[in-house]
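What follows is chain A paired twice: with chain B in the first complex and chain C in the second.
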Partner chain A sequence: MRTIRASIIGFGSVGQGVAEVFLQKREELENIGLDLKVVAIADSRGAEINNEGIDLSEIIARKRETGTIASRQITGVEIIRNVEHDLVIETTPTDVETGGVGLENMLAAFGHGRDVVTSNKGPLALKYRELMDVAREAGSGFRFEATVGGAMPILNLAHDTLAGNKIISIEGILNGTCNYILSRMMEEQASYEQMLAESQELGIAETDPTNDVEGSDTACKLVILANSIFGMDVNYNDVDVTGITKITPEALILANDEGYTIKLIGEVKDDLIRASPRLVPIGHPLAVGGTLNVASIQTDLAGTVTITGRGAGSIETASAILSDVVSLYRP
Partner chain B sequence: MRTIRASIIGFGSVGQGVAEVFLQKREELENIGLDLKVVAIADSRGAEINNEGIDLSEIIARKRETGTIASRQITGVEIIRNVEHDLVIETTPTDVETGGVGLENMLAAFGHGRDVVTSNKGPLALKYRELMDVAREAGSGFRFEATVGGAMPILNLAHDTLAGNKIISIEGILNGTCNYILSRMMEEQASYEQMLAESQELGIAETDPTNDVEGSDTACKLVILANSIFGMDVNYNDVDVTGITKITPEALILANDEGYTIKLIGEVKDDLIRASPRLVPIGHPLAVGGTLNVASIQTDLAGTVTITGRGAGSIETASAILSDVVSLYRP
Partner chain C sequence: MRVSMDIELKDIPGQLLSALNPISELKGNLKSIVHHHEKRTPRGTIPLQLVFEADPECLDAIISKLEKNGVDVTRVDEKRFVEHGAVILIGHIVHTDVEDTIETIDNTGFAEVVDIRLSMPHIDTSSSASLKIDAIGKKELHDAITILRDIAVKKDLLVIEPIRAELS
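Right, the complex of A and B next:
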């Protein structure tokens, strides 16, 4: 049995999902020879540390009841620097302007030789090459399946499952909020504003939906795909982005009459990285509805392989983090 | 550099595709530390053997020009027994009645401690448990991604990429010929017989289409999924099968008016293994058209993940074989 000592830095929806999943999968992890011990958790107000392993059901209950897990005034980056552990699970919120505390946390983790598994897009969308270089020099593992498409396992699919294939292009729907709004506009023949309001009521869109509907969330994910699968060296500002705010129900009805629907499609190939609304034939693998994410990977041998899944949700994102943890440490 | 000595037993469309792919990917394989040498190839009329490695471009040309590669009268199973090598790539045609020569070849390979990668469904649909037991006792590797869904990597996706997840159910379109016929019946509002004739003209359906249209090809693939992913112990005769021959264009039009299409769906869950025509909502991830295959994997954490790809084709099937070879031997 191999013992992995982990911290969870950031204890919002994704961090709590990770704790729940670790709790639920303790036996399965032990069955494959992994004893995963969470020795520190930080949220924005402080931290809990226990070298013997934190009681995860107690800490989840504490967070829900009191709004924080803080039992002492210590920050995430201080935990990364000072608590002895192997793996930093970085689940702080994405900041695409500066990389935010996530960038500081990842660099600190590599600086102390720790592995990182993350759901935080910001640092990867801004400083991909630098982070990879620092991780490699430190000999640290670094995995980030959860940053693109939540539970839709696109990075591991392209890297491992399609082994032997050259990846020619990737295109897909990488933002569930936009997909929901466009799908509902088509179904209800309603305006963008009406369906944005509906998706905000349902908690699908945030109060400030800019990152989703203007395409910048999609752009971040494209940058991660471009750098990690195509070996490019690009950042968030290199993406050509058009959002969905100007699409009308009339355009959707016209498209439908011709056998098409309109989707916010992100695409990466050669030197093109673009997110924009595009016509997709009904019945095409990319024409999925609701909040689903989808990505089509064009390869030299396997042809085009398309993967569809839930792009968001705390347990779904935690599932991607779990698969990265298993990949890193499975004997 | 690790040298892998391989035979290709069966040199029809898939076997030739494997030779082409090995030729094309020699450098990529060397880059990951694998020197793959094909030391023997058998077709139905004889074999070629070369301990230094067969010239693959010469042998492909010979097959195309003369219809056989036979330079000596020796069968596949004799090669497996007598030629020193590590890996048997078994690509003889599927026989679901008896398992055919494929079953004999696989048992001989394990009996001599060789690994097997195969595209041949028959032996796995009839004798899954026996084959797994013999392979395990021999310490042999045994992989068969190419048996289900061609280039659609469903087995490796369920086993590896979704690591940590419990698989609850799988449902999908596992036969491209049926999907083509149903998609075209809908598009043209034409009869089953008309669209079968069209797909035979295009080479999509075989002259005797029974295995495809009556659902037995789908049934074989369901058995492989049930045994390998769900740990069941079932065979071909345990599947509840209904084909597509009785579907009318009127039924498709009626379904379409209600926002549905009709697909031949295979499903595995708990104690249910069934292939039958079912209504699928338009826009649903399973509602893909043309000859595509698709499978939805329902999991406890990641929710439902759907994979779509080309279910047939010699290079596509060879791609699945290549990914299995890489998985077996990647250092």
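Right, the complex of A and C next:
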């Protein structure tokens, strides 16, 4: 049995999902020879540390009841620097402007030779090369499947399962909020503003939906795909971005009359990285509805491979994180 | 451009070659030949049906070369626009000179706007339109949409074009 000592830095929806999934899958992990011990957890107000392993069901309950897990005033980055452990699970909120605390956490983790599994796109969209170089020099494992497409496997699919194929292009829907709004605008023949309000009420869109609806969330994911799968060296500013805020219900109806639906499509091919509303034929594999994500990977040998799945959600994102953890440490 | 052509050959050796050479000399790409040697026209010639891709500017030269070789051209049917595409525009479509938008595509010579449908729900709100564009080939359809995208930037219109899979 291999014991992995881990910290969870950021205990919002995704961090809690990770704790729940670790609890739920303890036996399965032991069956493949892994004993995952969470020795430290940090949220925005403080931290809990226990060298023998934190009781995960107690800590989840504490978070729900009191809104925080803080038992002492220690920050995430202090945990990364001072608590002895192997793996940092970085699930702080993303900052696409500066990389924020996530970037600091990741660099600190590599600085102390720790591995990192993250769902935090911002740092990767801004400083991909730098992070990869620092991780490589430190000999640290670094995985980030959860940053693109949530539960939908795409990075590991392209790298591992499709190994040997040349990836020619990727085209898909990488933002569930936009997909929901556009799908509902068509169904109800309602305005963008009305359907945005509905999705905010349902918790699908955030109070400030800018990142999603203006396309920057999709753009960040495209940058990660471009760098990781296509070996490019690009950042957020290299993406040609158009959001969905100008789409009218009339446009959706006209498109429908021609046999199309309108989706916010992200694409990477050659030197082109673009996020824009596009016409997708009704019945095409990319024409998925609701909050689903989808991606078509065009390869030289396997042809086109299309995957679809849930792009967000606490447990779904934790699924991608768990899969990264298992592939890092599986004996 | 795709051309379908009916020609008639004399029943003497070497005629088929003199019918096909002018096409290949002018870089035409032969798609199909239907040749029934046992059939005869009332004039005693052998009918032949050809389909080929060729540069529109070369078609007249191909026909005159054929006639010079003694081949009778009895029917020529050019199907110029073999690719069809649709795009959606959103914005102040009419007030930004819709006629100019359409003419810019039509003036390319390789693509045409063949249908436009407009929805203008209220004054002062954005209009939406669907445009059908025909073009002489996939590349030209793609080029026409790129031109439209450039016009749209100048006129502050949003162009929604088909996904890559639809255009390649």
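The rule is short, and it goes like this: the second predicted complex is superposed on the first by the 331 of 331 C-alpha atoms of A that agree within 3 Å, B and C clash if a C-alpha of one lies under 4 Å from a C-alpha of the other, contacts with A are read in each partner's own complex, and residues count from 1 in each chain.
Assume a contact is a pair of C-beta atoms (placed from the backbone, for glycine too) under 8 Å apart; a residue touches a chain by one contact, two chains touch by 3 or more.
Just so it is clear, the model here is predicted, and its values are computed rather than measured.
Asks: Per the overlay, which chain contacts more chain A residues, chain B or chain C?
Replies: B
Asks: Have a look at where A:G283 lands relative to chain B and chain C in the superposition and call it first, second, both or neither.
Replies: In the superposition, A:G283 contacts chain B only.
Asks: Between chain B (first) and chain C (second), which, if any, makes contact with A:G67: first, second, both or neither?
Replies: A:G67 contacts neither chain B nor chain C.
Asks: Is A:L157 touching anything from chain B or chain C once the two structures are fitted on A? First, second, both or neither.
Replies: A:L157: touches chain B, not chain C.
Asks: With both complexes superposed on chain A, which partner does A:S183 reach: first (chain B), second (chain C), both or neither?
Replies: After superposing on A, A:S183 lies in contact with chain B but is clear of chain C.
Asks: Under the stated touch criterion, which partner chain does A:G33 make contact with: chain B (first), chain C (second), both, or neither?
Replies: neither
Asks: So, does A:S169 touch the first partner chain B, the second partner chain C, both, or neither?
Replies: In the superposed model, A:S169 contacts chain C only, not chain B.
Asks: Please report the chain A residues shared by its interface with chain B and its interface with chain C.
Replies: Common to the two interfaces on chain A: residues 284.
Asks: What does chain C use to touch chain A in their complex?
Replies: Counting only chain C, the residues touching chain A are 86-88, 90-91, 117, 119, 121, 125-130, 132, 158, 160-166.
Asks: Which residues of chain A touch chain C in the complex?
Replies: Residues 169, 171, 242, 246-248, 250-251, 253-255, 257-258, 260, 262, 265, 267, 269, 276-281, 284, 286, 296.
Asks: Under the definition above, what is the set of chain B residues touching chain A in their complex?
Replies: Residue positions touching the partner: 21, 25, 28-29, 151-153, 156-157, 160-166, 183, 261, 282-285, 287-289, 292, 294, 299, 301-310, 313, 315-316, 318-320, 322-323, 325-327, 330.
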